[in-house]
Structures are given as structure tokens and as C-alpha cells.
């Protein structure tokens, strides 16, 4: 069953749900999911509304214009976006040498769990090309170093444009992307950091965790912003470790949560469930 | 902030959300939460709608009549109930000799986490009277055996009526309640069973778990029905055990999940979040 | 660092640890791990002892004979087995059409997490041959039905012998293996069942779980015995589900725990950590 | 069954287990548990050895002297301590106004889960005196402020001495204890911090967590050292939160893990399972 999904963020006031659900009803739409959240402090209203495409009497070409007009007439001031489930979003995956997150995404994609397209993999190393081949995905090897970083990012962006990429997943990419790069995909780049942020930011978090003698290790998926490892958090999880774990065994155990936390964040993104409220995510 | 909560179960059709949210809006209600679920197979629609009491222009005395009329006019066929958060529900707790679940509920109640009234504790043993006293709650000691069961249940029901009890919590009560007793509180009696049902129904589940050599033990909160341990499940959780655990240590570990799973179920009940769909619960 | 691992099960009595650790010491062995458990009820002692091969003055050819003699002299009556970590065990994987458990084992194997050899994959379907090729593992397609079952199992056993297989993993194999087959690998066949046993034995456990309206689903790895899904449990885990989950989403969520619970059980087996005490496992 | 427990930390070398287990055997001791860990990097060996008191032929008065002599003869250089399970350790609990951790410890103590004595509760507020009375424990109200801190800590220490207290539990005490105070109970003061350290050190961790927009909140039990919230970590756990959680609901959810993580740390301490290796704990 194909659906249409509305994401709306606006100033809160009485009657928003009534008006919008009536709008859908008047256009013969059958609502299948309505999730909303109000941030009382900031007086902001967030809504994810999903209805069946079948029977709905506004078509894709006109929906944005019509809905904007409807909001304007009803004095609802906010941002919205509308997605048709039949138009699967296009994802590019950036990797380095670690394969566990890449494999996890591609296997979930192949099984139908992740409903997006994955036409493009970019890496600064050649190692994972074989995996791309196995899954029949285009792979570009773009080595990166301090000297060529600007040029290489330019090539990356050209590829993203060429493939009409909607969002980017850094699947243990191990490189810091520039502010310029981020500006092309604001809040559309998902990273996995292998610690329970804000603890152990930056390099070698398992080493840091080992040094501190913690009894849990974690993984955090978040949107990439200019501040390293400080973007809005999408999902986090942990597993327990003990004194028996050294850095090597933490790395092994960590893979299990890294891949799961990243793939789940990708799924939330694809399903258009993630909203932003300053540096926090609202998951509807 | 006091709110009004509507629970509605009805045949699914287009426009229900639009019509009901418009009804609230027309009566100056400000919706703070709307959760809904559609069972496609059974074509049933479930909704929990919560709006601010302040400003809403229908009072408590008229709300049921008015809303029933509204449903009738709109050809929405279903069952509904409406709660005012200011009217806290009255809970009676039945216990035997184990104190961990009782303490947990009473401490959460005292801290304000469980927003209900607890005017009455009934037990077939005198042991926990001291706890009732500490928390200033009336305690009745009604010994029960095969001979006096019918009479004792009669006394219990009289007490429940006298105290205007809305729902009953069996906090490790260790007695099977009769079909007659249940008929006074249908789907209003919450039990905690100390296993992950449907495994290890009936007596001594930790002994059964030990015998089978399982690596997890669990707890299940459910509504009491005539079929022992087969009522609709509200919540379940587990903890890991190992070969080192014997029955005694399972009992100790189990207390932690029993009390948490029961208290959380009570909280879901108090917040009017639990719907029934045959033998399954929908938690909105 | 290569090690030698002793697994011992014997009647409990005073002095066993002292005598055995002294034996290792007298032969210049450096103990790196000693784990033991005593079942008081059955008066049985279980020990896993691991020491460095380097420096130890009994070689592989003589160790079994020497240790048996030592036990005999000291009146320690029990069963033992001794493994050299340098001799990696050989694993055969049986699959049907589901690929998630197979991929998980092979990826962990490739990354060095699972320290065994995997020379052989057998399937009743051709679907997963491509995966075997990707990982360079021999793949045999042996279709099975009621008529040819006995013959096919004969072929399977011939292959296991030919490849010198030490233990078998049923990675969602979907077929019941016969008592005759089991007799060739007693307590050496590891299965994954997609429920928290003993709940939902047999076919379609997610369907059973959905029907019962449970709030958790699970996976259980266990040794295969003649009684279906009743063999000794090695590991179990669960995840939470809600009324929103239908059978399809349970199947998707379930994959995550199935693969993890099976791979972890395989790892415990490879590390020689699993002992049996009637129908229960002791994990040292 | 009463037991004797040895805790030993020493330089690693061959034969330690053999020699010590032989020593126990020669004195007719029956070992019931042996757990050990070797820190390869620091070349340190840690062992917790537990044997039955019954039948062991060295009495309490002589055991320390005899064992020290034995170590000396065998050139084992290290620190050890020996406990008799029949001598339950004495615990003092420091609290402020929050009652959930205090109740949890006292209920587990009363049920026999925590095998220690709790003769003394000290608080800077009078609020929880009633709980102390309920459980028949001496309660001292010692208000504390910047001016009287030194004097008040002096009074606290006098009380700890008077009651022969072995270790101190800060059960949400909300005060920073001085270096001088700590010097009387080095690595014998257990604190609960309501975050997953090292994230959110210091005051108001739930507020910090809310600000950062994390998806998990945690609790950490640790030994108190001069560096605030930086002592060796004993145990940690987390629960998931969402955008729906505000600071109040985080505080409520947090109580569940705070009390569990603290009580479990106390249990590990009582069972003499916690070793220190610089700023890390080894739990045997």
C-alpha cells in the first residue's frame, strides 16, 4: 500500500490537528498514522501524518502548492515537506575499510527492510569494492589526504549530484567532512560514532573507554554538523563490558551495536520520522 | 495541567480523526496528545485523545451524553469512555506475604509517579499490615481457604464497593480469583506472573525455569481472565540468568523485574492507555 | 598466544583444583584461565582450564594418555577432553533459504571473531550458493523431501566425514534432522530456534507469538536432540515488540536476535566453554 | 554454609594457583569458587578464592599470619585480605532527601539479599528519619553547610568509628565529601552518580542529558576519590529515553536504574568481589 507522508513543524495553537485532518478527509484521504509532539517550552508543534495515496484526490504535482495555500489560509506558520512512499529516497554510503556497517545496511536493504535506493558507494580505500560488486552497486575509489581534500570533496559532491542522492550515510567513514560539504546536505548526513556520546568524542573512543574503565560501551548515530560528534542524536545503544574486555574485544563487541544503531537510524530517516528541534531530534 | 482523555474503539472508516478533532476544536479544546492504531485485519480503529480541560466548554456532567450524540450523528459505531485526569482512579491492592511489589507500587505512588488513589489493601495473611500502616492505607486481613473462599470473596467485593474501587492489582497475591469475582471487574484486575508467558504458566514458574535450563527469566503483567495466566498481556520483561543461578537466586533476581513490570502496567492502566482487541492489548 | 584447554567433568571432592593445577605447574604450564562450577545437588564438578602451550612439556601426542593416567592415580573419576587452540575446529553450516544467520557467521568468521574453520555449507536449496562463492566455501545443494530424506542424510554424513567436520550449525535450516543423523554428532549440532523456548516450540513461532499477543519475541540457540526444540539451551535473548508489530515486522526484528544468539553460541562452542549437565548447559 | 574468602593481588608468575590451592587442600579446605584474572600489560594477577570454613584447620585468629608466611616462603609478593562470611561487614548509609536508593538497599537487606549489617544512617536532613525507624536503624541528623563542614565530617567519622563501620554507601547523599574524610575509608565509599560516566559529571546530570538531547540516560556506581565522579567504576547501566521525556520524567525513570546499580555495587562489595587496578575495577 503506497502512502503519502506529511512532516510539519509549526507554532502550536488550537485546531491544527482538526484542520489538517479535515483537509485530508475532504480530499478523500484515509489517514493511517498520525503522530504529533508539542514542545511546550518552545511552543512548537511537530506532526507526521501518513495517509493512503489511493483515493486521495490531489496529485503529486500539485500537493506542495495546495498544501501551502491551505496552511496560509488557516494562518498556520511553519515548515512542511511531503513524501510519496512510492518515490524511494536515494542513499549514498561513504566507507573506509571497515565492512560491518556497510554489510548490515546492504543486507537489510536487500531483504526489503530498508525501503530506499542505494545506487552509490564512495570510499577513500579500495578494500570494500568487492562488496559493492556483490550487491551490484556503483563504487568510486577517491583517495583523500590533507592536500587533495578540497578537490576530492568536490568530486564526491559531483557524484552525489550525478546520482541524485537524497541523503548520505557515513558507515565508519573515518574522515571528517568539511563545513562546505555539509552545506550541500544539511541534516541529511548520518554518522555512526562508536561511543555513547557525549562521552568519548573524537578519535579512538574504545581506547578512551578502556582507559576510563567503564562497564558499558556504546554507539551513537547522529546528524553531522560542523562541530565534531555534536550533531543531533538520532539513536543510541550500549552493551555491557567487563574487566576481561581489552580494546580488541571492545572493538568486536562494538561492531554489533554500531551496525544496529546506524541501520536503525537510516530506517527512521527513510520513513521520514526524524524532526529537528535545535540540537535535539524528535522521532515520530 | 488537568486534561480530559477519550478512549475510543470503533469500526474503521475515513474521516474519524477529522471529525473527532474538529469536535474538540469546536468546543475550544486544545489537543495535547493523539494516538491511534488501526487493526487492518479486523477493521478496527483505536484512539486515545487527550486535551486540556481548561477552556473546553463541555462539563463533566454532560460530556458522555454529548459525545455519544456526536458519534451517533456521524455514524461512528463504537465504544468510548472519557476520563478527567483530576478524578484519580481508586486502586485496591491484593497481597499475600511477598512485599516487593507492594512496596514498589506504594513508593512510586508516594513519589507522585503513580497518579491514582490507593485507599485499600486486602491480604489473606497479616504479614504486610505493617507496610500498610507505614503508608497510612487501610488494611484488611481476610484469610482464605477452600471452605471459606466464596464467603471471603463476597467480603472482598463488599470492601471494593465500599471503597469505590476502580481497579484491582494482584501484587503477588498467590490466590486464584473466581470467575464470579472477575465478573465484577472485567479487564480491571491486573496480575503479575513471574515468567515470560506463555512459558511456565501456573505454579512455581522459577522452579519450572530452572528445570528447563533456560538462560532468561521473566515477568508478565496481564489482565486476569477465567483462564489462568492466559489473559491479555500488558507488559513483559526478562533478565539473563546463568548456570550459577539456582531457584533461590532466580527468585531474588526475579523480584526486580516483577515489581518493575507490574508497576509499569499499573501506570499504563492509570493513564488510560490500554485497549483490548480480543486477547491482545493495544497500548496507546 | 596458543593455549591448551582442558574440559573436565567429574565427581566433586576436595583437592581437585590443587592436584590439577599442580600437574600443570609441574609440567611448566602457565595457567591463563581457570573456571569451575560445582553442582551441589548432583555432586558434580566442572572445570575449564586454559594454559599456555609454549613452555608446557607434554606434547599433543601424549597429553591425553598422560592426563588420563594422572587422573587415575589421583582417583579422579570423570570425563575430560583436551584441545589445542592451534587446531581450529571444523564447522559445517546447514542452511535453507534465509541468509541472515549464514552471513552473520561468515562475516564474524572472516573478521577473525570466530576462530574456527568453515570448509562446508550444505543446503536443500540453491539460493545461498552465491554467498558460499563470495566467501570461497564449498557448497553442496542436496534437495530433501520425505521420500529421499534417509538417502540425503546419508550423503550429508558422507560429506561431513569427508571434510572432517567437528560440529554442525543449523543456521535456519528449516528441516528436522533424524535421530540417526544426531547420533553422528551428539551435542555437536547447534540450532537456532526463533522463540524464547520453551514457549512457541515447533513451526512458525512468530505466528504463535502474534496470536498470543506477547510483548517480547526471542531466539534460543540449543543443541539438537531427538526431542524437537527441547535440547540443552546455550543462549537466549529477546527484543520488545508492541501491538504495532505484525508477523512481518516480528520476522524482521527477529533476524537481529537470531543471528546474534546463534553466532554467540557458536563462539562459546569454539572456545570450548559449553558443558552439559543432563539437559542444562554450564558455560565456563 | 559459611565460607572463607581470600582476595589476592600479586605479580603474575607460574604456579600461583597450584601453590595456593594446594595450601588450602593441605589444610583440609574445600574450594567452592575460584576466580582469577591476569592483567598482561601490568603483569598483575588477581584472585578471589572461596572455600568452606567447615573442616578447614586454621582458625580466624591465625589465618592472616599463616597465609602471609606461606606467601613469603613461596616468594609470592602481593597484597591479600581474608574474610569469614560469618562476620558480616558493617555498612553506614549517607542520605539526603531522596529515599529511593535508601529504601532499595534496606528492602534488599531485610529480605536477606544483601548479607551485611546496616547499623547506621547519617543524613544532613531530617526527612528520612521515618524510614530508619521503620527498619529499626539508628539515624543521625547532622546538618551540613560550608561553615560547619569540617566539624560535621568530624562527627560523622566519630560515628563511623563508634559503630565499627567497614564501608560507607552514599545513597544520593548530594554532598561532596572531603579528601580527609575519604582518607579514613579509601576505596570503601561507594557513590551512585546519575549518569553514564564519564558523561555528565558533576551537578544536575539529567539536566545536562536533556540539554544534549541524548537517547539514553544512565547511572554509575563508583568508589569515591578526591576527583569528583572520577573514581573507579563498579557498575553502570542505562535506560532508553525519547524526545517525550523531559527532565522530570528522566528523574523518575532514572530512579529505577540508580537504585539497582547502587544496590548491585553494594552486593559486589559485600561479597568481596571488587579489586582495584589503578583506576579500574576487576570484578571476580
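Order of writing sets the chain letters: A, B, C and D. Residues in each chain are counted from 1.
Going forward, a residue touches a chain if its C-beta (ideal position, glycine included) is under 8 Å from a C-beta of that chain, and two chains touch if they have at least 3 such contacts.
On a predicted model such as this, the values are computed, not experimentally measured, just so you know.
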item	value
Which of A-C and A-D has more C-beta pairs touching across its chains	A-D
Chain whose average C-alpha position is farthest from chain A's own	D
Length of the line joining the C-alpha centres of chain A and chain C, rounded to whole Å	38
Averaged-CA centre spacing for the pair chain D and chain A, given as whole angstrom	42
Of chain D, residues touching chain B in the complex	99-100, 103, 107, 111, 113, 134, 252, 255-256, 260
Interfacial residue positions of chain C with respect to chain B in the complex	37, 196-200, 212-216, 218, 232-238, 240, 242-244, 277, 279-283
Complex interface listing, chain C residues touching chain D	14-15, 17-19, 21-22, 24-25, 28-36, 38
